[in-house]
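Letters are used for the chains, namely A, B, C and D, taken in the order the chains are written, and counting of residues starts over at 1 for each.
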């Protein structure tokens, strides 16, 4: 049981870290605002989701796990709204 | 190297960087940024001192930690006042600068 | 966390700080300052200062970051002129020497701090039960050194009066900031409808657990302030005119209740800000509950700046 | 636990200290709540109650002949915060109360809410900030905790900086911003020093620190940092550049507060630290440095003041010079203590210098404000006719100037006399030279202003604006305080020495 939980933690957190890395590379290498945004939101949402998933077995209490998921949901909400705003601004004033 | 020494040295460099920026950068907003860095350095030193005082089952001495909370809030109020002054200055004179050549020289 | 993690954290912090000082463009400097503030939060965690980390994330990185970003974009026009007045090489060299000396002196001080560090933690632990709260930092902030917290609330108010005093005469009694022309169906308005109910619950939770766990009124008030600012920015509700009676009442209720409880202590418990036995926790929670709205409104208005446009239709 | 020395036990009747500190802030809260015209009314009620409180504190100090000590919340240091008022603090509280009251009388004419308006920016801000300045100064004088003192310093800055730019002109906003940045950096240095002291001694309480402090490198570093930060806030040469534009550009009542009182807050803290916290560290060599800056301030400030074309700038540069005198006492005290002689008279001299400068400088700035209002300008070359139009005001200006020069029987005379005697006793003749040269230069510009204003007005000249008689009397009252202060030496006891920890028996 613990071995399976540890395996889940390691795989999920590693995968999450990979998405963060990919997102950062995309942010630095992509040519314009919209594509950079694309790279960044994928990394944030998926990467953070995977990290949260990986940490869930290690929380020890249901409340703490619930808080972790809430953190992820709040980040999703904020980042989607903010990306919309950035994208609108970018469309209005092309670089 | 212990954790407290690492962050203590980091804090010392932050204070130095902040002081340098405060003197060298001509723009008030950059000076304010530098002031914030210097302040963070000072706060970090306080946190190091708090951490060194860990005892009685507490991770750090709670007195300096409580002082830090006060100091962070006061520093925010200071930044807000400085920003308000800069914005008003630029509205009034069209520039945000501390050099007296721009103002009406007496 | 291991030493290696701490060293890389410290190096990252210094790298961002260096960037903030030397980069040409002010907006980029502020953009470096915000992640720097978030990393600093991890530094507080590494030093076992969880309450400080929460405060830093909320106020040091969050509110200060928002304040500086707004300032950088509004001062953008003035930047080119200001850049022209670069300091000469001699000033730079002298400043560098001064800064290096200072850094070296502080490092020497850090190394020379006594090996058996003095601490008040045992003293706090001994008297914690008398205060009725479980979080030692709350005990320090609201009992042992309650005067500091009272003065801090007053500092924020005096700062607000100072900011208001910068208003143009014609705008006195008016609303701070610019009128918002955000799309009422846009993403910001959507966020401003969905987020505040959640934010308010979280703020009250953080405030409530502050008695016994990390958290408290400052962190809770900052979240409330952020929610209010979000609603104002989205255009769903305008910033209030600064001469409104309810606003003035909310501003002073916290500090006034604090002072009142303080003088109650003189009568009942024999000293200013001392609490009668058995009532300590009740009075502390009472003060915090009164401070929460005051701090939230003060923090939001500090960020909103001086009044700039008429408040009532003439 | 810690030594139960009589100096750190709470004393009866000390609860008034919390009233002295919090009453002005309570006034700020109420003024903010009621708003409009009520801000001034609240300020007046607070001033009356505040003066009564300070008088009651002085009575209780005089009756017990010992420092008043109060433990906030009933928690003794090092856990809690102590308020402590000795003779020095009470003298400072008295002079602040007097100057605040006089400035308030004067400001009633300039800062009353105009008829028809419910609330106006200038008056509302001025009265609330006046109270905030007062509260923070009282806190600086009585707080026994170096972190609470940091909060008090910041409060003083937040209340002082906007007073500079009350008229909203671009140049005053710039002066206020420069002042704010200097002051913020100064407080950060101070705070760093305070934290280092905590890191070594585990307490922030001044009395406990004084009993535990040892001469060692970290203590020296903390002392240097705190002193440097406070000097920037006090505007001691060469950190004085922010002061003249800020003090000269503010409205007259605000200049009087800033130049007379606000800079004394950080100076008082230097004095407190050097006399009570760092006496072991404050070697005569370090004190010589402080006084060297002071002497340079006296010479350079006065020379620059002589070259000013505008009256308010002249007075502001004269402040830069007078700050210098405040730092001459440090090597004298250090040398007297080192040779086990009584340093009391020199401390009294330094305090008399502060009191006489606070009253005289406030009077001079307010007089300059009245002259400006009457003539429509303050160019020194064109002051003709002002003595005819404002005889009381110009007399007050000259009396205040005489106190700055140090003519008998003024407070400045006694102060300089005591300092000179200290310099003679310790054979530090070079400080005597600086003082005497400063006196000569000061008399030169006071004389110039007097001669210019005595010249008859050109024919057909009329006043731009009639100034109220009560404003002139407020100026005169302050100038008289400064001029007659010298008689304070005739008092049966020396209040300044009550409760001084460092004073040898």
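Criterion: contacts are C-beta pairs under 8 Å (C-beta built on N, C-alpha and C of every residue); 3 or more make two chains touch, one makes a residue touch a chain.
Since the model is a prediction, treat every value here as computed from it, not as a measurement.
Novice: By number of C-beta pairs in contact, which chain pair leads?
Specialist: Greatest number of C-beta pairs in contact occurs for B-C.
Novice: From the mean C-alpha coordinate of chain A to that of chain D, what's the distance rounded to whole Å?
Specialist: Each chain reduced to its C-alpha mean, chain A and chain D end up 57 Å apart.
Novice: Hey, how far is the Cα centre of chain B from the one of chain C, in Å?
Specialist: So the centre of chain B lies 13 Å away from the centre of chain C.
Novice: If you average the CA atoms of chain C and of chain D, how far apart do the two points sit, in angstrom?
Specialist: 31
Novice: Indicate the residues of chain A shared as contacts by at least two other chains.
Specialist: Where chain A is concerned, no single residue meets two or more other chains.
Novice: Would you mind listing the residues of chain B that make contact with two or more other chains?
Specialist: If we look for residues of chain B contacting two or more partner chains, we find 15, 32, 45, 49, 52-53, 63, 67, 70, 74, 77-78, 81, 85-86, 88, 97.
Novice: Identify all positions of chain C at which a residue touches two or more other chains, and write them in rising order.
Specialist: Residues 106, 113, 117-120, 124, 144-145, 148, 152, 155, 159, 162-163, 166 of chain C each touch two or more of the other chains.
Novice: Of all possible chain pairs, which ones touch?
Specialist: A-C, B-C, B-D, C-D
Novice: Which residues of chain C touch chain A in their complex?
Specialist: For chain C paired with chain A, touching residues are 186-188, 190-191, 194-195, 198.
Novice: Under the touch definition given earlier, write down the residues of chain D that touch chain B in their complex.
Specialist: Its residues touching chain B are 79, 147, 150-151, 154, 157-158, 161-162, 165, 168-171, 173-174, 176-178, 180-181, 184-185, 188, 191-192, 195-196, 198-199, 202, 245, 309-310, 313.
Novice: Can you name the residues of chain B that touch chain C in the complex?
Specialist: Listed in rising order, the residues are 1-21, 23-27, 29-30, 32-34, 36-37, 40, 43-45, 47-63, 65-70, 72-81, 83-88, 90, 94-97, 99.
Novice: Inside the complex, what are the residues of chain B that reach chain D?
Specialist: 15, 22, 28, 31-32, 35, 38-39, 42, 45-46, 49, 52-53, 63-64, 67, 70-71, 74, 77-78, 81-82, 85-86, 88-89, 92-93, 97-98, 100, 103-104, 106
Novice: Which of the residues in chain A come into contact with chain C in the complex?
Specialist: The contact residues of chain A facing chain C are 74, 77-78, 80-81, 84-85, 88.
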